[in-house]
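Let me begin by handing over the structure; questions about it come next.
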Amino acid sequence: MTTTVLPAAAAELGEGPRTARLAREAIASGLATTLLGALGLVLGVVAIFGPTRHLRIDWLLPLAGVRFDVDPLGGLFIAVTGAVAVAVGIYTVGYAQREHWARFPMVVLPLFVAGMLLVPAAGSVPTFLLAWELMAAASLVLVLSEHNRGAVRFAGVFYAVMTQLGFVMILLALVLLSAAAGGDAFTTIAAHADDMSAGTRTAVFVLTVLGFGSKAGLLPLHAWLPKAHPEAPSPVSALMSAAMVNMGIYGIIRIDLQILGPGPQWWGLTLMILGAVSAVFGVLQATVATDLKRLLAYSTTENMGLVTLALGTASLLSASGAPDVAAIAMTAALLHVLAHAAFKTLAFLAAGSVLAATGLRDLDKLGGLARRMPVTTVMFGIGALGASGLPMGAGFVSEWILFQSLIHSPPDGNTLLALAMPLSVGAVALTTGLGIASMVKAFGVGFLARPRSVAAEDARESPMSMLTGMGLAAAACAVFAFWPALVAPALRGVLDALPEVGGDTAGVQLATFLRLPGIDGSLSPALLAVALAAGVLLAFAASRWGARHRPAPVEVPLWACGAETLSPRMQYTATSFAEPLQRVFDNVLRPDTDVEVTHFAESQYLVEKVTFTTRLADPVEQRLYTPVVGAVIALAQTVRRAHNGSVHLYLLYGAIGLLVVLLVAQ
Amino acid sequence: MSYLLLVPILAPLVAAGLAALLGWRRLTAYVTLAAAFAVLLSGAILVHRVESGAVFAVGHLLRADSLTVTMLLVMGTVGTLATWASVGYIDAELRDGHTDRAGAHLYAVLLPLFLAAMALAVVANNIGVMWVAIEATTVATAFLVGHRRTRAAFEAAWKYVVICSVGIALALLGTVLLYFVSLHAGASSAHALDIDTLLNNAAQLDPDVTRLAAGLLLLGYGAKAGLVPFHTWLADAHSQAPAPVSALMSGVLLSVAFASLLRVKSVVDLTLGTGFLRAGLLVVGLLTVLIAASLLVVQTDFKRMLAYSSMENMGLVAIAAAAGTKLAIAALLLHVLAHGIGKSLVFLAAGQLQAAHDSTAISAVTGVLTRSRLVGVAFAVGLAVLIGLPPFAMFASELSIARALAGANLGWVLGATLLLLTIAFASLVRNGSRMLLGPPQPDAPTIALPGTVAAAMVTGIILSLALGLSAGPLTALFQSAATQLGASS
Amino acid sequence: MSLATYTGVLDLTAGAFLLAAVLIVWRRELRSIVHLLAWQGVALAAIPLTEGLYEGNPGPVIVGLVVLVLRAGVLPVLLLRAVGTADAERRESTPLVNTTSSLLITAALTMLAYAVTRPIIALDQAAATRAVPAAFAVILIALFVMVSRRRALSQAVGFLMLDNGITATAFLITGGVPLIVELGASMDVLFAVFVLGLLTGHMRRAFGGTDLDQLRELRD
């Protein structure tokens, strides 16, 4: 890792012109990213509250021309991306210097943000696809920043191929749409959407769910996420997880919910099933992951699964004639997108801080960072609280609203709803529970207790720019945790533009008290926080009350079960923490466990060394991707054998072609 | 103005004559470069002229319409890049001992002859003369393919000459049959094979014999364009030829052959309706893309990889031609131009890698981006163009081909093609990352880069970017070519 | 000459043309097949010569004479030069398809040629056009020869036979293509044979023989 080389490199570089140039470039890159982000935030907010803005450039993009239409839905996603970019940009100033980034990734980082800002602004099919591919190309370059490592190269190629596969599906869907509508602009397609045949609509739905779902990290095409996010530099991972995956959600909302309308009931059901399965699978993998960034990546799959579940609920309820509850589900989806952006950015930036300080991602080797990196620990704690969905965490309010919409679905004797809703409630509950476990593991094992390795012992706190970036993200988390009313007008503005999913109903009223007028639910996160704080103060005061009359605390050595000393290696590791859950879900996870016992040469009865290895591959990758790749290679080998270099065989092919032509021309 | 049509043929012939007299030296090499540039200039000047109708010269012997001018632009651009790079490339080959003065002399004479033959093929009005010119390109390039005089080069040259000549012979048979039906439709024997005569009499041509002729011409010109079933020479010839020649063959010759097929198609569609050649091009195109994508998966040689990529692109072009709408033809022409520039860029870089390692095995080359910034960037940009990434032009052309196919009710074909293109994408990305990224091996040889090759690479990168952003006046040219070829809306 | 004589001579030459092709399939010595090719060239030249004499038109007569010199003279001489002097070289190696099967396939291809050329005969009832199936059959047989023979030279002979067949078709149905095309085509054929001959020489030096099965190194 670069950081283990850091002392030597620093000694080499010294205070020379190279360090100064690196600082200049890092500041330029970070500043550009932040400024772009701020621009995006402003533009997005303006678009949500103002009229739709248009821009056409006919000479750009040969044979197509470029067209931008920024409406409230696009504006929301532009604003989210911009906000994430602001925090990441400031963070990058310090991170790039710490990790000695090359010049090319620093140049591409603002371009990546620009691409992401353009996707929701696109108003026609060619523009959308152009922005999408620009975003994908820039992200690929950034993932390959440290291409000297083999794992990075492998992850990059894997990511490139899966992104292309997703792009191809989206391309096919969108050109089918524009061919059926007779025009490229989204407004034209929306106007003709009702005239399209059921076959076209179904094909477009299936393709977009697969293609956009892949970008959002949903099963079954999610496997790039846990490979690419850990290998990318941490600011890039933050941007990808908190901003880029939202583009998949944006695509599903734009095409399947807005343009093609709420669709038949099976559309909503499909989204719900996909979302639920992704959520449970993602959180399960997060629970057993020992790589901190891989854990966070699977957590993204989980959260996007929850968002998709909410979208599916909104679609299903809207198609079943309950638009007011649908609006509530839609609010949950959008709010969760925002909240996830906040806490995932924070979590990844904190993980990056740990990586820069220790060079480690492996939770089994971290620990004891609370003393050495207090600010980072608090930051990660806030992010983990948000990811777990507990009260006072950023994700709590949106999950609560989602629960409310699922529980209060109308019981009009609709069997489908009667089945789907309780099962979804179960899935969300399971997800939340396992999510708490995975975050506790990440926080507890990674940051608390004693350090498990030398590198963790030598950790030092990050520079101010990185802490500032994390602080901004933490502030956003606090807003979503205590005062979601701040974003209420924005959500209202977006919902007004989505009448297909009940946007024209009363929906959710987000104020100090969260009210759901249609179903008589209410919650006040701010009051909850105040009550909790009061309770903590009361408990603290109560413990202090009798302290003067109690004997002073005495330090004694810890009981070590008869062993001489306690070493940090005897603490819980991430693997052992997750082991009970891994046993429960053994059939799904299918771990590959290996125990190797080495005896002494002199005696078979004395054990010298025991090695325990456990490998958890992604089961979807093993059972779905590997056979498909194998089939492609088998086909390729067949074609290869048919081209064996013999000029007679080649001429024979030509002769057969001639015979076919002669016969067909009759 | 009409004498302008003679420039693309005469300028390279003059260069060839000069080279025959003086052998390989700076003067003749730069005269060849000037000739290629003259082809480009003549095309550029004619751009606006041909949008209103065809231009004739030397009586009715030569004819230029928008398709001709497009092909002249492709030929001129790629020709300029290739001849410019040849200067430094051949000098380096002479220095390293891969060739001798006689070989360089032959190269200097055959390269401009090759350009002249291709130019004749696109400006000829008589499709019989067009056939002669295409066959002449086979003869001219046979020894260019065998330039290095190795066993592999001879094997490639033999297969190239035999398979291409058989294919083109079938095209001659088709041309003879077309002449036959044209005479029977009332044309005079001197003008029966003229394009404008054939277009005028198209409705009177006998359908049964025309169907036979069309099938034979599809096979024959498809052979030169690298389409199934006469595709088997492509990988061998393009991988054994010297890099500038590979660039010209991959980037221009395949497209010129396909342009000849488009000319025939415009006549046949009027006689038989669009159904026959549409079905034929679809079958041929899909099979070509399938075979190219499959063979890309198992590639171990980077020049063969680039050759199969050319084959895949020609298959895509055939499928676009099958769709036949105005957008499809315009997108096809943009694709041909973008592919030409991108392919020359990547072949020039590959040529330098071959010269450095004396091998074209992918496993032999590592860490190019670290070892040579310009060669690595040129190779990466070329690959990015080929896999269809923006901001390069093949993104726009592939997107437009997709839109055209969807609009022509060929959704299933589009889906299958996109899947196969993704398989090809995967192979190119995987092999590209193995060659470009990562740390180089400790004993890796230095990559030499002659000045003119570097200049050609830089120009190629700039052109790729420019074309990707905007096609400018070329958009109107492509669209008028589509209309003139009789594309449906 | 009268129409009946003209038709008779035309049918005879077409028959000889086809017969030469069948004999090339049958024989295995390289020198004999080159000689048969030369005789086929004579039969080919006879077609425009007969047409010219029948119509009293000097054009086809000149073309016929040029074809005679080229296809029956120059090209076979070039090919004979390329045949090696060693004894082993003079025979074709074991063909890929045995002689009996080859002749059966030849018969099938001839029947196919008759079927395929029906629309051409339907369009033009002239005597010359009715002989087209023979020329077409030679084309198909030539392709078969190229596919089934191992020697480089046999492939070159097959290619020339293919071109003979196409030229015969051209003469029979149209009285020859425009002069410039005929000239260009002949030049191309000449150059192609020249190239093939040179390559055969290089091949002998590089591979130590002209068996095409040795050319299998270029593959994936």
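A, B and C are the chain letters, set down in written order, and residue numbers restart from 1 in every chain.
Throughout what follows, contacts are C-beta pairs under 8 Å (C-beta built on N, C-alpha and C of every residue); 3 or more make two chains touch, one makes a residue touch a chain.
Per UniProt, the chains are B, C = Hydrogenase.
All values derive from a computational prediction rather than experimental measurement.
Inter-chain contacts peak for the pair A-B.
Put simply, the chain closest to the centre of the protein, by Cα centroids, is B.
A straight line joining the Cα centres of chain A and chain C is 70 Å long.
Rounded to whole angstrom units, the spacing between the C-alpha centres of chain B and chain C is 31.
Work out the mean CA point of chain A and of chain B, and you get 44 Å between them.
In chain C, 116, 143, 146, 155, 212, 215, 217-218, 220 are the positions where the chain touches two or more neighbouring chains simultaneously.
For chain A, the set of residues touching two or more other chains reads 640, 643, 647, 651, 654, 658, 662, 665.
Among all residues of chain B, those that touch two or more other chains are 158-159, 162, 166, 208, 212, 295, 298.
Interface of chain C with chain B (complex): residues 116, 119-120, 122-124, 139, 143, 146, 152, 155, 159, 162-163, 166, 169-170, 173-174, 177-178, 180-181, 184-185, 187-188, 191-192, 195-196, 199, 202-203, 206-207, 212, 215, 217-218, 220. Those residues of chain B whose C-beta lies close enough to touch chain A in the complex are 158-159, 162-163, 166-167, 170, 208, 211-212, 214-216, 218-219, 223, 228-230, 232-233, 290-291, 294-295, 297-298, 327, 330-331, 334, 384, 387, 389-391, 393, 395-397, 399-400, 402-403, 405-407, 411, 414-415, 418-419, 421-423, 425-426, 429-430, 433-434, 437-439, 467-472, 474-475, 478. Residues 126, 128-129, 131-132, 135-136, 138-139, 142-143, 146, 149-152, 154-159, 161-162, 165-166, 169, 172-173, 175-177, 179-181, 183-184, 189-190, 192-193, 206, 208-209, 212, 235-236, 239-240, 295, 298-301, 304 of chain B are the ones touching chain C in the complex.
Looking at the complex, you find that chain A touches chain B at residues 59-64, 125-126, 129-130, 133-134, 137, 144, 147-148, 150, 153, 156-157, 160-161, 164-165, 168, 171-172, 175-176, 178-179, 184, 203, 632-633, 635-640, 643, 647, 650-651, 653-654, 656-658, 661-662, 664-665. Taken in their complex, chain A has these residues touching chain C: 640, 643-648, 651-652, 654-655, 658-659, 662, 665-666.
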